[in-house]
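Both complexes below contain chain A, partnered by chain B and then by chain C.
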Partner chain A sequence: MPSEKFFVKEDLYNKLEELSKEFEIIGPRELPNKGIFYQSLKNTRDLYLGEGFAIEPIKRFFLKPSEWIFDERFRENKNILEGIPLPADKRIIISVRPCETRGLTLLDKVFDSDYKDNFYINNRKRTIIIGLACNKPAKNCFCTSMGGSPIESRGMDVLIFDMDRGLIAEILTDRGRELFASIGEGLNEGQRRLLKEDKEKKKDLVEKKLSPPEGKELDKIFESDYWEDVSRPCIGCGICTYLCPTCHCFDLVDERRKRLRCYDSCSFPDFTLEASGVNPRPTKKERYRQRVFHKFDYFKKNFGENLCVGCGRCIRHCPVKIDIADIVDKVPGLKKE
Partner chain B sequence: MIDRIKKKAEELLRTKQVDLIIGYKRAPDGVSVAPVFIDKAEETKELIWDTYCVYNLSNYLKDFRGRKIGIIAKACDARSIIVLLQENQLKRKDIFIIGVECSGIVDEKKLLSISPQTSELGFDERCRSCKPSKPPIYDVLIVQEGQRPQAPRLEKDPYGSVRKSEAKSISEKFKLWQEEFSRCIRCYACRQICPLCYCPRCVADQTQPSWLSRAHSFRGNFTWNVTRAMHLAGRCIDCGECERACPVGIPLRDINKKIEKDVKELFNYEAGLSAEQKALLSCFDKNDPEDFIR
Partner chain C sequence: MQNIYQPYLAGIIDIRQETPDIKTFKLKFRDKEIEGSFNYRPGQFVEFSVFGEGEAPFCIASSPTRKGSIECSVKRMGKVSQALHELDVGDTVGIRGPYGNGFPVEDLKAKNLLFVAGGIGLAPLRSLINYCLDNRDDFKAVTIVNGARTSRDLVYKSEYREWEKAGDTKLHLTVDCREEDWTCMVGVVPRILEQLKPACRDSSAIVCGPPVMIRYTMPVLLKLGFCAPSIITTLEMKMKCGLGKCGRCSIGNLYVCKDGPVFSLEQLRAFQYEC
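Here is the complex of A and B:
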């Protein structure tokens, strides 16, 4: 049963200051003229608690953009493979948006199910997540169409609501309870009512909508020219995939006797380039179609959910304004209510 | 103005002078603009032209090699077409350039931070050091009618910011760029959006040997960003698309501008002003000041 606590921002800053002795505190920080970035906060007062959205999602603290996975060296005339030690320091990531944590719950299905990825699981275990409900979704947000909402708390330890007079924290796990044991006080009747009203209000904040395809609908138009039309403006950069809270494709590279796992993107021409020289996805059409199918077809068949949380990052940051929600919504031959 | 653009595009498609028109249309958000590719005359009514037409569409010409293409080009876009022609990447007879007179485009990132009450448009920085409002190359020119809209204030010294940065010490500059490059996510949007980055296999994608580290470290990020800029020396026409595309706000134009200034001072050369001119780094001059080359 979740419990709630009320405190003011000042209390939170002080609490984080205290916690920073034991935990690494990671949170969004606004860099002037650059945007909002999750960073390890040396000064907890740099923490951004506004309405904006970080450019990169928290994915990079769990599935790192590049990760050394083993080290090969010669010792006593022997070739030795050594694993890279897993970091053990504990972290708190704070002011995380609901869509980003939902992204993690989708990544869990890939990296912590039949296949157990030690790096990812270790990062998950050592991190406490404190979310921040959205007061003002951006015009590209469409989380409610993807099963999320501005107040969704899945995957979080604590979810904070920024009310006019202070903050209300919904404590969701034991880890969260322990963390917030000595801060703030329980809600009175009025605050409880305010929170309830606030939650109701926030549910309807998101204006952008799309109806995701159902069942095998996408299968039928795999060969359609539609994909060629919609992928024409695509310039083939990695922005949409790298900034996506759920995209997780990676490449393995050997560098200086070490093996590196780093992000890769289905929009790059050499993503599926085979050693023989054959590329099964030779043009933008096949590459963009793969992005849509992985998100709205293959993943759904394998794991029962769409691989999209509707955070709108790929739309917001696309240099040529490709709108995946619009493209999926207008897929020809889809049933419309 | 837009009516004449539409009419010309429609005529080009109807008379089969071109197979495809590359232009601008309204994006699904209703405000901003997206590139559009039109091959049917009746679809030319989708075309638009306003200060949100930020893209340098000449980047798409390489996708349609060998086909007859009509393209809507601002002054900066036309300059990159000139470089592509100089470098034999395009055949002049294959492209029909609908030149448009431009009075500056907006900086969408800046617009987000300006309140709707302010009347001043958030022009892109790149427009403040752009001299021509008319493209240096075109097949038909569509000019502004009536009263000209307010244009961005031009910088007195287009290299003012470069001079400021040159005055800093090496360690200061290094620290600054270390910070900037630390945010690089290696999405290669700067490369992909650049009309002049057309190598079939980029040095960054080569693995045997691998020229730069794929690790998201300063070393790899620095090598990538500097390599990109140096490969555009004497070629970059400062359309600023790389900086616009960069999702993490690295001021790539500052590097490009520095190289542009060096090229101008050393060789008195500005890229993309005339198709008859030879490309700077692929020509030989008997009067070259350097001994080793003569």
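Here is the complex of A and C:
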């Protein structure tokens, strides 16, 4: 049963200051002329608690853009492989948007399933997540169509609501309870009512809507020219995949004696190019279709959910204004309500 | 927790030049324990590391019935396979696996088996052929149709005699064009199948070769009366992780590396895969 606590921002900053002795504190920070970025906060007062959205998702704190996997060495006339010790220091990521944490719960299905990725799992285990409910979703946000919402708490230890007169924290796990034991106080009747009203209001804040097709229906238009039309503007830069909280395709590459697991993207032509010269996804049509199908068809068949949280990053940052929500919404020949 | 991306070390104990651009590498795991616990099925593959160059998937061409080492046949093609061709006996490589589903060996028992191979496509089939010959009583008649562009491109030549001598086993060799001193068949594999007319009753066909061969072989097999579930092939794709995670080798919601690489024609049809 979640419990709630009320405190003011100053209390939170002080608490973080105290926690920073034991934890690495990571949170969004506003960089002048650049934007908002999740960073390790040396000064916890740099923490951004506003309405804006970070440019990059928190994915990179769990799935590094480039992860050093092992070293191959030559010692006493013998080749050996040396594993990389996993970091053990504990972290708190704070002011995380609900869609981002949902992204992690989807990545869990990939990296914490049959073959377990110890790098990812270790990062998950050593991190406490404190979310921040959205007061003002951006115009490209469409989380409610993807099964989320501005107040969704799945995957979080604590979810904070920014109310006019202070903050209300919903404590969701034992880790969260321990962390917030000595801060704030329980809610009175009035505050409880305010939180309830606030939740009601925030639930419907997101304006952008789409009706995601059911997996089986998307199947039927696999060969449609629609994919050629919608992918025509794409320049294959891959920014949509790098900034996506759920995109996780990777490459394994050797750099001298190091092996690295690096982000890769289905929008790059050489992603699937074989040594023989054959490419099963030779044009933008196949590559963009792959992205849409992976998110809204294949993943749903395999794991029961869309591989999209509706954060809107791929729309906001696309240099040619491709809107995946719009594309999925307008898929031809499908039943519409 | 184990690092799923870290390979086992193995030494190259023998290299056989199969054709001008294909070599078979015989590998022995450095760790005795790994050698004992590395169990695989015919049709599975490994991720092969040449350190400093990278990793690439190759099928295991040896049979699990012949223990002590594994073999992979590699055509000189991309970055890793080129680097591999430069290696010598005694050099160390990395092996990760085995991955994939492998051939449905249990389903093939008590059946007539028709193996259809083109070029290096014989590699995964060789694993199953030798497995069948080592468990000869479990299977009925074995027919092997093996083709290559030229006689120089035929792989595993040193084993043909053994295959021909095995009980109730026939080997048909063919090359694409007529050659001097060539006494076996001439013509592309689908044509040869049309001529040979292998019986489809109680039979399964196991097909592997270049995409163009597979494309023209499937309709011939169907015409001969083989049904889609009993036509089995093994697909090739850029499989990087082998774990169903890296996102390259998906066809439909399946991953070739994890759910394949062995599929029946019936399965391929179900997800609109065009051979």
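List of remarks:
Just so we're on the same page, the second predicted complex is superposed on the first by the 336 of 337 C-alpha atoms of A that agree within 3 Å, B and C clash if a C-alpha of one lies under 4 Å from a C-alpha of the other, contacts with A are read in each partner's own complex, and residues count from 1 in each chain.
What we mean here is this: a residue touches a chain if its C-beta (ideal position, glycine included) is under 8 Å from a C-beta of that chain, and two chains touch if they have at least 3 such contacts.
On a predicted model such as this, the values are computed, not experimentally measured, just so you know.
Legend: residue contacts after superposition of the two complexes on their common chain; A:C262 is shown touching chain B, with no touch to chain C.
In the superposition on chain A, A:P319 makes contact with chain B only, not with chain C. By the touch criterion defined above, A:Q290 reaches chain C but does not reach chain B.
In the superposition on chain A, A:Y242 contacts chain B only, with no contact to chain C.
In the superposed model, A:P280 makes contact with chain C only, not with chain B. Legend: residue contacts after superposition of the two complexes on their common chain; A:G304 is shown touching neither chain B nor chain C.
Once the two complexes are overlaid on the shared chain, A:P85 sits clear of chain B and of chain C alike. Of the two partner chains, chain B is the only one that A:K139 touches; chain C does not reach it. By the document's definition of touching, both partners, chain B and chain C, reach A:V253.
When the two complexes are laid over each other on chain A, chain A has residues 251, 253 in contact with both chain B and chain C. Per the touch definition, chain C reaches chain A in the complex via residues 1-7, 9, 49, 51-56, 77-79, 81, 92, 94, 211, 236-238, 240-241, 243-250, 252-253, 272. Touching chain C in their complex are the following residues of chain A: 69-70, 72, 79-81, 83, 110-111, 114-119, 121-122, 222-223, 248-254, 256-257, 259, 261, 264, 266, 271-276, 278, 280, 290, 294, 297-299, 301-302. In the complex of the two chains, the chain B residues touching chain A come out as 27-29, 32-37, 55, 59-60, 63, 183, 185-189, 191-193, 205, 207, 210, 213-217, 241, 244-245, 247-249.
Chain A meets chain B in the complex at residues 31, 33-35, 37, 55-56, 64-66, 68, 139-140, 232-233, 235-239, 242-243, 251, 253, 255, 260, 262-263, 265, 268, 270, 317, 319-323, 326.
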